[in-house]
Each structure stands twice: as C-alpha cells, then as structure tokens.
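Each of the two complexes below includes subunit A, the first together with subunit B, the second together with subunit C.
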Partner chain A sequence: MLLGFLASLFISGILLWWSRPHNKPIIGWLSVLPPGLITVWQVLRIPEIAAGNFYTERWEWMPSLGLDVSFRLDGLAVLFGLIVAGVGAGVALYTHYYLEKKPSQGYFYLALFSFMASMLGLVWADNLLTLFVFWEGTSITSYLLIGFDHEKAQARTGARNALLVTGAGGLAMLVGLVLLGQSAGSYSISQIVAADGLRESAYYSVAVVLIFVGAFTKSAQFPFHFWLPGAMSAPTPASAYLHSATMVKAGIFLLARMHPALSDTPLWFWGLLIFGGITMLIGAFFAIGKYDIKALLAYATVSQLGILTMLLAFGSEYAVLAAVVGVLAHALYKGPLFLVAGIVDHATGTRDMSRLAGLLRAIPLTGLAAVLGIVSMAGLPPTFGFLAKELLLENGWEMIGHGETLAGWLVFGGGAIAGALFVAYSLTLLWEVFLRRKADATDAAHVHHPPSFGFVLAPLVLVLLGTAAPFLLGPLALLIDPAATAISNETIHSHLALWHGFTPVLITSLIAIGSGTLLFLGRAHFRRLLASLPKNLQGDLLFEQGLRGLYSLARRTTRLVQDHTLAGHAAVVLLVAVVPVVAALSYTSISELLPDLTGEVLTGPEMIMALLLVIAAWATVRAKSRMSAIISLGVVGVTVTLFYVFFSAPDLALTQLLIEVLTLVLLVLVFYKLPDDKRPPQGRLRQAGIVFVSFCAGVVGFVLVLFNSSEAMNAGTAISGYFTDNSVPLGHGANIVNVILVDFRAFDTMGEITVLAVAALGGYALLRAPAARLLSPLLNEANTTEAEEMEETDRA
Partner chain B sequence: MTQLILALTVGILFACGAYLVMRRGKIKLILGLGLFSHGVNLLLFGSGEMILGKPAIFNDKANFLGELATRSFADPLPQALILTAIVISFGITAFMIVLLNRRDTLLGSEIMENELAPGYDWLVYTDDDLEEQRQKQAESKGNGSSKISGGEPL
Partner chain C sequence: MPELYLRMLDRILTPVLLILTFFLLLRGHNLPGGGFIAGLMAAAAFQLQILSRGEEVVRKQVGQYIQPGIGIGLLVAVGAGIAGVLGSTGFFKGIWFDISLGPLGYLEIGTPVIFDFGVFAVVVSVVTSYLLGLNRVAEGVDA
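Entry: the complex of A and B
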C-alpha cells in the first residue's frame, strides 16, 4: 500500500510532465489528488495508530545485507507523513499558479512529486538503509528544484552548495547508520529503538557524531546553515515545501527517530543543545537584517530548526511535546508564509521589503493569510506558535526546578532571547509589507497583477488549519501523543492548554514579547549593525573559497602526475608499479628469495644466452643508427627464441621466431625511410630522472622473477596439474600446450584472435585514411588559410 | 642458479625497455615496448620450473599415464600464457608502427614532448595557463569582431 503510494506519486509526476500542464488549469487542480488522497488515508489511520496498532509493510530487497524495503506507520511517521502529503497537496495547486504559463512547469511537477515520494519514503521507513536511500533521493530532487532556473548563476551555485553539503552529510550519516546497524545487530529501526546497550557499544560516539553530521547538514544547523538561505533561489513552491515545511526537517526527524535509542548521554545532550542553541540565536539574529522576504523567512527557518534540534537534546515530556508541536506549528505557518512571499513577488514584481507597503489593503485574502501566519510565527497568544514557545520555556523552567541549573538556564534564557527576536522580525515583516502606508524606497512597488483565488487558496487553508489547531487540542492529541510517545519511548498523555495561569513562564513570555516590540521599533539601528559585520565570515563565501582551493589542488595534482609528456606518464606508471613490490618485500627479505648458490657451477647454455641477451639489449639502447637498433632488437628476439628451444618450449620458439621476423620486416619497411629526429636531446636532469626510473623498473623485474619462482608462490602447479592430467583423456591431444590453447582455454584464444583482427582493421584504416588536411582538426586549424585558398581555387 | 640468471636478465630487459620508452626518438617507444614484452614473457616463463629438453608433449598417447606418473616435463601453463602474450604484443606493435607512421605523415615531425599540436593547447591544465587563455579569449573576442568588420569586403 505505502510502496504503491510512492509509486503512484512518481507515476503522477511523469503524467503531469507529459500532460504539459502550463496552459491547462484543470491539471493544476488534478495534481492535488495524489497527495490529497494520501493525506486522507493517513488521517483515517490516526485512531488505529493512537490505539497502538502500527501499520507495517516489508519487502525483502537484499536479505544477505539486511537490506529491506520496510515501512512502519507509527505516531512520528504519520505526523511527518501528514505534513509532507498535506502541505504537498497545497503546494501542488499553488505551483500551477506560480509557474503560470511556463513551459517548464511539467518538469517542476515531476521533480516535486519525485521529491514528495522520497520524503514520504524517508518518514515511513523502518529500515536504516531504506531511510538512507530515500534521504539521498530528497537531496537529489532538492538539487533539481533549487537549480530549476538554471539560467541564473545564483540558482546554480545555490543548488551546488545544497547538494554538496547535504550529500557529504548524507555519506557521513551512512557510515554512522551502518555502525549503528552493526552494533545493534539489525537494520530495522523498530528493533534498534527497542534494543538495549547501544550506548555502551564501542562505536556509539562515532556513530552518533556521524549521524549528527547527517542531521545537521540536512537541517541546516550551524556551521552548515549557510546552504539554506542559498537555496532560496529555488522557485517559491520549492522553498516553501522543501526548505521550510519538509526536507529540512528530515534531520530533525532522524534525531527524533533515534532519540529513544541514542539519547540520554552527555554527547547527545550537549551536542544537540550547543549546536541547536547557536543555530537558534544566529538564525533569529540575522533574520532581522534581511530586506528580502524570502531571506528573512529562510533565516527564521534556520532559527526554528535550531530550536527543534535543541529540544531533542532532552527527554522530558515538555521537551518532546514542544518538539512535536513545534514541527507541526512551523509547517502550518512557515510554509504558508513562504507561499505568501511568492504571491507578493508575483503580484508586485519584488520581494524587497523596502519597496513594499500596505499590501493588506491591496490584496486582502493574501494579507489575511500572512497576518495569521506572522502572528503564529511571532509566538503571540493564542496561536500554535505561542503554544510551542510556552512548552520550550516550560521545559527550561522545569529543568531549573530539578536542579539542572546550567542546561535549564541555557534553554530558558536562549528561548527567551530567541522569542524576543522572533517577535521583532515578525513585526518587521507584518508592518513593512502589509500594514504601513508608505514604503521606504522611492521606487515603491504596486500590485499590478492581483492573485487569483486558486493561487491564494493553498496558503489560506494551511494557515487557517494552523489557527484553528490550538482550539482543537482534544482531537489533535490523537496525533500529537503517539508522535511524542515514539520520540520518548514512554507513553505520553499530553494535557495541552493555551492558558496555564500566571506562571513565571507566561511572565517571561510577555517580557520577551515586550522587548521584541522594542527591538522592532529600533530595527533601523539593528539593521545597520548587521550590515557592518565583516563579509568574509559568511559561510557561503568560506565554502566557495574551500571549493576553489580543492579545484586548484586537483589541478596541481593533475599537473604533477600528467606532465603532458610520454616520458612523464610512463615514469608515473612505472613508479607506481614499484610501490606494491616494495610493500611485498617488506613482508619477506631479499635474502630469503635468493636461491641457494652453494656448490653450483656457472656453466650451461643459460649463461651464454643470458650474456647474449644483455649485450643485445644494451646495444639496442646505445645504437647510433635506427637500423642497428632494429637489428639489435632482432637479436634479443632470436636469443629469447633460443631460450625457449633449450628450456622445452618448442611451440613458443616457433611462434617467437615467426613474430620476430615479421616485426623486423615491418619496422624496417616503415622506419627506414623516415627522416631523422631533429629535436634537441633531453636535458641532463631529465635524463638522470629517466635513468633512475629505469633502474627502479629493472629492480621490479628482478624481484618479480624471484617472487614468481620462490617456493611460497608455487600456486601455478595446482592449476597446470589439471591440464596435464586431462590433456589426453579429455582433449585427445599429446601436446599439452596446444590442447590448453585450442581446447581448455579456447575462449582466450578466441579473444587473442579478436585483438589481432582489431589491430589489423585499425592498421588498415590508418594506412588507407585520406589525406591529412581533410581529416585532422588540429591540422585544419593550423592550415586554415591554406585550405581556404585551395577551396577558392577549386571553385574557380 | 638458473632462476637467478633469469631474474638478472629480466631486470636488465625491464630497465632497458623503460629507458627506451621514456627517451624521445621516432621508434624508441616501439623498441622499448619490444624489450619490455620480452622481459614480461621471460618473467612468466620463470614461474614454472625450468627444465632442459623435456617439452610438455606425450610421446605415446596410448601410454601417457606412464609419463604422467614421472611428471618430468616442463610446466605447460606458462607456455600457453606466453604464446597468447607473444601474439597479442605483436598485434599491438604492428598497430603502433602504423599509428606512428600515420602521425609522421600527418604532422611531418614528432610531437611527443612539451609540444602540443596547434589547437590542442587546452590539454594543458595549469592555473596560469588557464588565466592566460581567458585573457587570450577576451582579446581574441575583441580582435575577432574587428577582424570580421575589417575583413568584410566593402
């Protein structure tokens, strides 16, 4: 069923692509159906899941590796699944209006629906490796979506950075997941979560750090946060969907999934608390300095993700509930706000807040959605955002009450500061874009293209759901409680309420709202301060520099290894061959390899042949004329033939002799007439290098023969025994070498003949090729003028 | 003893072959490869026991079991491998000869060392070179337009 859903999403993506939806509004509405149906199906499952009956599905993929495609719909999976499918339905409709009449709209749908399938697979997965495959799927589709406007350099850079950061994090995470799976003895998430003793495993800390890297890169935590604002060059539906509501929460999801198995250690606690806290503060801080609506929302998202990461450091009921409510609330206000930003962009032609004003009056429906979303983002009562913030502060307060003062105050204080900053940038957005009468800039933008109803519908519905949620906490508990239970592994029955009486938490909350308002009033100073910060500390610039360094390192290594001379290439290859030989020598010693020489006499034909070979080889090297070099090579060949004759290899001797004659004839025919080389000799240093490399090659050959003939290497006899035993009974031949070639290893011989045939064909083609000028591009360029002249004369 | 002599010979063949491959000259590459392939063949040959005058051939097919029992003949497997190697190395040498000949007729001279065929400068990857190339391209863009405007018949 679930796999069928994923497949249907993918197929509907392809169908949407084929149907060319950009000029057919009906298809835009139809595209809501697949994610909408999945949402409805999941909603219908909620009561069962709340009762503890999880829906599972499992297919074996590669059982020997523990690789299954398995899904398990528990509270956490259905919470994220509803967000992915529900927001996805809205975004599908919105996309049709946003990419109005763009021919590439179909392609966007394909990428969007592929992403949706990957993301749903990720949150439903019950196997670490299944999860990883879908995780990478989201990275790739995200890359395609960010780079959708690939004519723009900014989109390309943003897409590349996002892919590199999340891709590298994903690979680190894979190692972590494998370590986790190996130490738990299972890759099934539900079994790992239920397993004991993972925290005592030797791989625990390595696995946790690697999983952190994966989660932090995906969820844009400090110091990897820079890719998320860069990803804002994606079309707005992708920003709203991937980079706010769903994909960036994949890291949070992973941490929440692993929470029961891995949490409650100092590494987990402080790692998440510190990085989440830093991300929360810098995200909120930088958001105020932005004039681009999408950039502001992007930094606000970074900050919110920091809060969620920080909350998962804890295991208390408040923290877990705050995380669950935070995820839900964020999807229901930030997603619509991004969609609104897209509508504003569409209607006025800009997202620059200094040029915008009074949009609430100009486009009231969009304005309504925006106001409701912003109030929730600011965490003002009585919104869902307010509830999430209250739970966060409550968690800190409770920790202080339980004597964990340091962590408690960090959360409480950090939460309060972040709360104030949230209020400040939310009010900035609300006032400057929607309420004030006159824009700052002189070239104020006006609404020239009011949005149609279908365009506004998706953000409006989502934001209304978010607004209604705090008043429907009773039914919502059916969704929230199982999710919280899945994170903490203890049954949680929430008693959420908007009003808790005048507690210290509420008072702090009110103080934060007050100071946020003050910050909003003094935002001009704040923006100037942020603009004066040094530019070279920005993450994306540092990343760019690192990338450039990597490129130049690669160029340098290439230049070192390949110096575009034949000698250079050959030297590198030969020197690399030295390495394994030296490594092998380190396991034995050369004296062990040397045969025992006592009592041996230096006689026999081999001495003479070896001397002849050495002299002829030396003569080939030192030959003054080309002819004498060719003849010396011939002498080497004939001596080798003699060698074969003496040492019982008549077939080899015959073949070698024939081949030697042929080679000699060919060499003389081709090279006798060619003019001499006129280039200067190689430099002294280069010659010395060549001699050194040749010496190394010689040593390699020497040692290899010794290895080859040593007792320890006598593996060959085992194989040749079969051939000698069976040559007559099976091959019916007396000459064993022949039988091997034409019978036992006939396919090898077939390959050998093929090589000869290919060489012959190639040689024939080269010899028959037409004159140089017509074929060779390099000569064409050099002789362009000549060729042109010739053509002209031809024409004449 | 035989093995040691073989090892020394193979070592010298390797060294001479490598030296020739790395030198410049019209046929030194081919000569070097030739020496190398002889060396490699002898290296393979050394993996079996070197036996004088006892080829791996049964004199009497009907009574081969008797000969098999003594196993006094040379190892046939390296020989089979070398036979293939000889033939293939000839194929490669022949192709190389034709290829070098072709290059010679095409270019009129040898390009093996530090000289790149015109139009193939982009094969060189160095930072400075790339920078230079960019400048050249920028210049040639300017020149190109002027060439077109200047070269057109008025």
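Entry: the complex of A and C
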C-alpha cells in the first residue's frame, strides 16, 4: 500500500509533466488528488495508531546486507507523513498559479512529486538503509528544485551549495547508520529503538557524531546553516514546501527517531543543546536585518529548527511535546507564510519590505492568511505558536526546578531571548508589508496583478487549520500523543491547554513579548547594527573560499599526473597499475606461482598465431605513418580474437572482433583527416622512459597471465565450478558467460552500464566542446537538437 | 562522402546486420550472443550507415533516440532488478515465466533476459553516440 502510494506519486509526477499543465487550470486542481488521497488515508489510520496498532509493510531488497524496503506507520511517521502529504497537496495547487503559463511548469511538478515520494518514504521508513536511500532522494530532488531557474547564477550556486552540504552530511550519516546497525545487529529501526545497550557500544560516540553531522546539515544547524538562505533562490512553492515545512525537518525527524535509542548521554544532550541553541539565536538575530521577505522567513526557519534540535536534547514530557507541537505549528504557519511571500512577489513584483506597504487592504484574503500566520510565528496567545513556546519555557522551568540549573537556565533564558526576537521580526513583517499606509514607504510597489482564488486557497486553508488547532486540542491529542510516545518511548498522555494560570512561565512569556515590541520599535538601530557586521560571518563566503581551494588543489594534482602528451597519461596509468602488483608479488615466492608446464606442447597453429602477433606488434611500434600503425594494431586485435576462437570462447571472440572493427574504422576516420605529425623527434631520455614503462607493463601482464593458470592460484577458486554447475538450474541459460553477466553478476553489469552511460555524457560534452567545434566548423544549425538548444541557453 | 559502392553494400548489409543483432540478442542466454554483443553489432550497422550516407543523415534518423535510449535502457535494467524485490526474492534475483505460445511450444522468459535488453539499449545508444560525435569531428576537419 505505502510503496504503491510512493509509486503513484512518482507516476503522477510523470503524468503531470507529460500533460503540459501550464495552460490548463484543471490539471492544477487535479494535481491535488494524489497527495490529498494519501493525506485522507493517513488521517483514517490515526485511531488505529493511537490504539497502538502500527501499519507495517516489508519487502526484502538485499537480505544478505540487512537491506529491506520496510515501512512502519507509528505516531511519529504519521505526524510527519500528514505534514508532507497535506502541505504537499496545497503546494501542488499553488504551484500551478505561481508558475502561471510557464512551459517548464510540468518539469517542476515532476521534481516536486518525486521529492514528495522521497520525503514520504523517508518518514515512513523502518529500516536505516531504506531511510538513507530516501534521504538522498530528497537531497537530489531538492537540488533540482533549487536550481529550477538554472539560467540564474544565483540559483545554480544555491543548488550546488545545498547539494554539497546535504550530500556530504548524508555520506557521513550513512557511516553512522552502518555503525549503528552493526552494533545493534539489525537495521530495522523499530528493533534498534527497542534494543538496550547501544549507549555502551564502542562505536556509540562515533555513530552519534556522524548522525549529528547528517541531521545538522539537512536541518541547517550551525555551522551548516548558510545553505538554507542560499536555497531561497528556488521558486517559492519549493521554498515553502522543502525549506520550511518538510525537508529541513528531516534532520529533526532523524534525531527524534533515534531519540529513544541514543539520547540521555552527555554527548547527545550537550551536542544538541549547544548547536541547537546557537542556531536558534543566530537565526532569529539575522532575521531582523533582512529586507527580503523570503530571506527573513528563511532565517526565522533556521531559528525554529534550532529550537527543535535543542528540545530533542531532553527526554522530558514537556520537551518532547514541545517538539511535536513545534513541528506541527511550524508547518502550519511558516509554510503558508512562504506561500504568501510568493503571492506578494507575484502581485507586486517585489519582495523587498522597504518597498511594500498596505497589502492587507490591497489583497485582503492573502493579507488575512498572512496576519494569522505571523501572529502564530510571533508566538502571541492564543495561537499554536504560543503553545509551542510555552511548552519550551515550561521545559526549562521544570529543569531548573529539578536542580539541573545550568541546562535549565540555558533553555529558559535562550528561549525567552529567541521569543523576543521572534516577536520583533514578526511585527516588522506584519507592520511594514501589510499594515502601514502606503505613504510611509518610499517608492511603494503597486498591486498590478491581484491573485486569483486558487492561488490564495492553499495558504489560507493551511493557516486556518493552524489557527483552529489550539481550540481542538482534544482530538489533536490523538495525533500528538502517539508521536510524542514514539520519541520518548514512554507512553505520554498530554493534557495540553492554552491557559495554565499565572505561572512564572506565562509572566516570562509576556515579558518576552513586551521586549520584542520594544525591539520592533527600535528596529532601525538594530538593522544598522546588523548591516555593519563583517560579511564573512556568514558561512557561505567561507564555504565558497574552501570550494575554490579545492578546485585549485584539483588543478594542481591534475597538472602533476597529466602532462600534455598521450604517452605521458598512459605512462602514469600503467605505472599505477604495475607498482602495487610488483610490490604484492615481492611478498610471495615466485616459484610457487609458476604453472606446471610439463607435457604442454605448442601446436602449429598456436605457434603461427603467436608469431603473427609478435610481428604485428613490432610493425605497429616501428610504423612510419599513423595509418600503417593503425592497420597493424588491427592485426594484433584480430589475432587475439583468433586465440579466443581457438580456445572456444565465442562470446569473447565476438565482442573482441566487434570492438576491433569499430575502433579501427574510427581511428582510420579520425587519423586520416589529421595533419601530418610535424613535431620534433622525442629526446633520448623520454624515449627511454616510454620504453621502460611499456616493458614493465608488458612483463607484468605476461607474468600475471602465466601465474593465473598455476595450481596455487586456482586452489581456492571454486567459483567457476559453481557457475558451471548452476548456470542451467538456477540461471535458466546454457550460455554461462551470459548467465554470469545478466544473473550471477548482474550487479556488476548494472554498474558497468551505468559507467557507460556516464562516459557517454562525458564523451558528448567533450565532442561538443569548443575545441572539438574548432575542428568542425560545418556544424549544421538546422540540425540542432533540443538538447543542444538547452545547452546554448545554459551557456548564455 | 557517400560512396556509391558503399551505398549498395549498405542496402544489403544493414538489414542483415540488424536482423543478426536481434538474433544475437534473443539467443544470448543459451548460445553465444547477448546484450553487449548485440549492442556492438547494431552500432556497427550504424557505423556502416554513417560511412555510406554521412553523419548528418544518420543523426537525423536515430539521433533523437540516443539519449532516451540510454535512460530507458538503464531504467529497464534497474526495473528488472526491482522486479526481484517486489517478487520478495531480493534485488536482481531472477524471476522466470513460461509463456505458452500454443503450437509453437513454450517461451521461457525471465527478468535476467529483460535485464539483457536494458544492457543492449544502453550499449547501442552509448556506442552510437560516440560514433556520431567522432564522425562529426572527422567530417568537419574535411571541410
């Protein structure tokens, strides 16, 4: 069922792409259906899950590696699953209006729905490796979505940085997950979470640190936070969906998933507390200085993600509930706010807050959605955001009460400061864009393109859901409690309420709101202060420098191992192959490896072929012109083919012959046109070097073949016997070579054809490169294919 | 430089080569042949076409199928592997069917054979793409 859902999302992505949806509004509405149905299905599962009956699904992928495709719908999975599918349904509709009449809309849908499938797979996964595969899927689709406007350099840089950071983090995380799986003896998440003793494992700290790296890169935690604001060059639906509601929470999700198994150690506690706390503060701090609505929202998101990370350091009921409510509340206000930013951009042509004013009156429905969302973002009562913040402070207060003063005050104080900053930037956004009169803004932008109803619908519905949520806490507990239980592994029955009476927490909350308002009034000073900070405090510049260093290192090593002649390249490759083999051989006794040749007689035909081979090779080397060298090289190849025929290896012979023919034809074609070789003859030393390398390579090749047929080498190799025995019964084929290729060793072949495909891309790029074009000025323009046109625009 | 005698030869040889390709591909599992060899054979047929008719003509005919061919070939190959997962036997474990062809007997077909079709599509597309590119460079120098 679940796998079917993922497949159906992917297929609908392809269908949407095919249907060219950009001028068919009906398709925009239809695109809501697949994620909408998944949302409904999950909602219907909630009562079962609340009762503790989890829906599971499992397929064996590679049982020998512990790799299954398995899904398990517990409270945490369904919470995130609902956010992914529910917000996804809204974003699908919104996309149609945002990318109005753009022919590339279909492609965006394809990438968006592929992302949705990956993200749902990630949150439903019950196997570490399944989770990893979908995790990487989200990284790649996110790269495609950020780089959607690939004509813009900014989009390309943003996409590249996001991919490098999350990709590198993903690889680190893979190592951590494998360490975890090996020390737990299982890759099944539900088994790992239930297992004891992981904290005593020798690999615990390494695994946790690596998993932190994965989670921090994905969820934009300090010091990797810079990629998220950079990713704002994505089209707004992608920013709203990936970079606020879903993907950036994947790291939080992973930490929450692993919480029962790994938490409650100093490493876990302080790691999350410190990095989450720093992220929370710098995100909120920088958000105030931004004039671009999307940039402000991006830094606010970074800050919110910091809060969630910090909360997961704890295991208390308040902290876990605060995390769950925070995730849900954030999806229901930040997602719609991003969507609103897109509508504002569409309607006025700018996202610059200094040029916007009075939009509540100009576009009232959008304005309503924005006001409700911003109030929740500010954490003002009685919103969902307020509830989340109260729980956070409550957690800190409880810690202080229990004697954990340092951590408690850190959370309590940090939370209060962040709360004040949240209020400040929320009020700024609310006042400057939506409330103040037009006359207050210099050069105010006009609404020249009011949004249609379908455009506003998605943010409005989401924000209304978020507004209604705090008044429906009873039914919501069915969703929140199982999720909190999955994080803490102890059954949690929440008794959430908006009103707790006059507690110290409420008073702190009110003080924070008050100081936030003061900050808002003095925002001009604050912005000036932030603008005067040195630019390289932002991580992206450092990252850029590091990247440039890497490039120049690559250039230098390339220059070191590749000089400007083909012979030089070949010499390096051959030496690299020869040296380790010789080193390895020096540890063995050669006499053992020599085959027993007594009784072996050289037959007449064999002798003739060998002679032919030697003569042809000699002729190739001594040839005066290129043509004769190519021809005699062809003779060498065909003679080798003859050897295969002689020793009855028809498949090898066929392949070799075909390759030989194709190479020969191509070489003749290309070399025939080349001008004569007018270079001066090589120096003695260089010539001697080439001869030496060739000699070494030849001798090593010969010796290896010789050794290969010796008793000692074949003693332990039972594998060929296995192939001959099982080819027909298991492989259903009598041609062993083919059965090995497509069945026994299908994985290898898969790798090989993938390499071939990648090599084709490289070859395509090389042959179309400017240097190749110089050689072929007669490029027929009428013959340009679509791919070439794309390449042209890319270059422009 | 379309040569007259090459054109004659090409008329006769290309269909023969392509039928041979098909033959090698289908019998590959039991007799010499298979996706790799068949792919090379088909590419050789295209090279013959290029030599006799010029690169541009051939590119017009098959150029648009090359890039999709690589992608579809990879997809078919991966799909054949995934079929094993869905059949609950594991990635790349073969699944075999006997299809009754009435009086003609039974056709035994399995996911490894389908995998071989994917290999064929990738090999023929990749090699042809190289051939077309190199021939273009070679023809360009001529002018």
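By definition in this document, the second predicted complex is superposed on the first by the 561 of 796 C-alpha atoms of A that agree within 3 Å, B and C clash if a C-alpha of one lies under 4 Å from a C-alpha of the other, contacts with A are read in each partner's own complex, and residues count from 1 in each chain.
By definition in this document, a contact is a pair of C-beta atoms (placed from the backbone, for glycine too) under 8 Å apart; a residue touches a chain by one contact, two chains touch by 3 or more.
On a predicted model such as this, the values are computed, not experimentally measured, just so you know.
> Using the touch definition from the top, say if A:746 reaches subunit B (first), subunit C (second), both or neither.
second
> One more residue to check, A:580. First (subunit B), second (subunit C), both or neither?
neither
> For A:763 in the superposed arrangement: first (subunit B), second (subunit C), both or neither?
In the superposed model, A:763 contacts both subunit B and subunit C.
> Please work out whether A:63 is in contact with subunit B alone, subunit C alone, both, or neither, and reply first, second, both or neither.
After superposition on chain A, A:63 lies in contact with subunit C alone.
> Thinking of the overlay built on chain A, is A:661 touched by subunit B (first), by subunit C (second), by both, or by neither?
A:661 sits against subunit C, while subunit B stays out of touch.
> Of the partners subunit B and subunit C, which touch A:694 in the superposed model: first, second, both, neither?
first
> Look at A:650 in the shared chain and tell me whether it touches subunit B only, subunit C only, both, or neither; answer first, second, both or neither.
both
> Just subunit B (first), just subunit C (second), both, or neither: which does A:731 touch?
The answer is second: A:731 touches subunit C but not subunit B.
> More residues of subunit A are touched by which partner: subunit B or subunit C?
Tallying touched residues of subunit A, the top partner is B.
> For subunit A, which residues lie in the overlap of the subunit B contacts and the subunit C contacts?
650-651, 655, 659, 662, 666, 670, 674, 732, 734-735, 737, 741, 749, 756, 759-760, 763, 767, 772, 776-780
> Residues of subunit B touching subunit A in their complex?
1-31, 34-35, 38-39, 41-43, 45-48, 50-59, 61, 64, 68, 71, 73-80, 82-84, 86-88, 90-95, 97-102, 104-107, 109-110, 112-114, 116-120, 123-127
> Quick one: in the complex, what on subunit C touches subunit A?
Contacts found on subunit C: 24, 28-37, 40-41, 43-44, 47, 51, 56, 59-60, 63-64, 67, 70-71, 73-74, 77-78, 81, 85-86, 88-92, 94, 96, 108, 110, 112-113, 115-116, 118-119, 122-123, 125-127, 129-131, 133-143.
> Please name which positions on subunit A make contact with subunit C in the complex.
Contacts found on subunit A: 59-63, 67, 69, 650-651, 654-655, 658-659, 661-662, 665-666, 669-670, 672-674, 730-735, 737-739, 741-743, 746-747, 749-750, 753-754, 756-757, 759-760, 763-764, 767-768, 772, 775-780, 783, 785, 787.
> Which residues of subunit A touch subunit B once you look at their complex with the stated criterion?
552, 555, 558-559, 564-567, 570-571, 574, 594-595, 597, 600, 602, 604-607, 610, 613-614, 617-618, 620-621, 626, 629-630, 633, 636-637, 640, 643-644, 646-652, 655-656, 659, 662-663, 666-667, 670-671, 674, 676-679, 681-682, 690-691, 693-695, 697-706, 708-709, 713, 716-717, 719-720, 723-725, 727-728, 732, 734-737, 740-741, 745, 748-749, 752, 755-756, 758-760, 762-763, 766-767, 769, 772, 776-782
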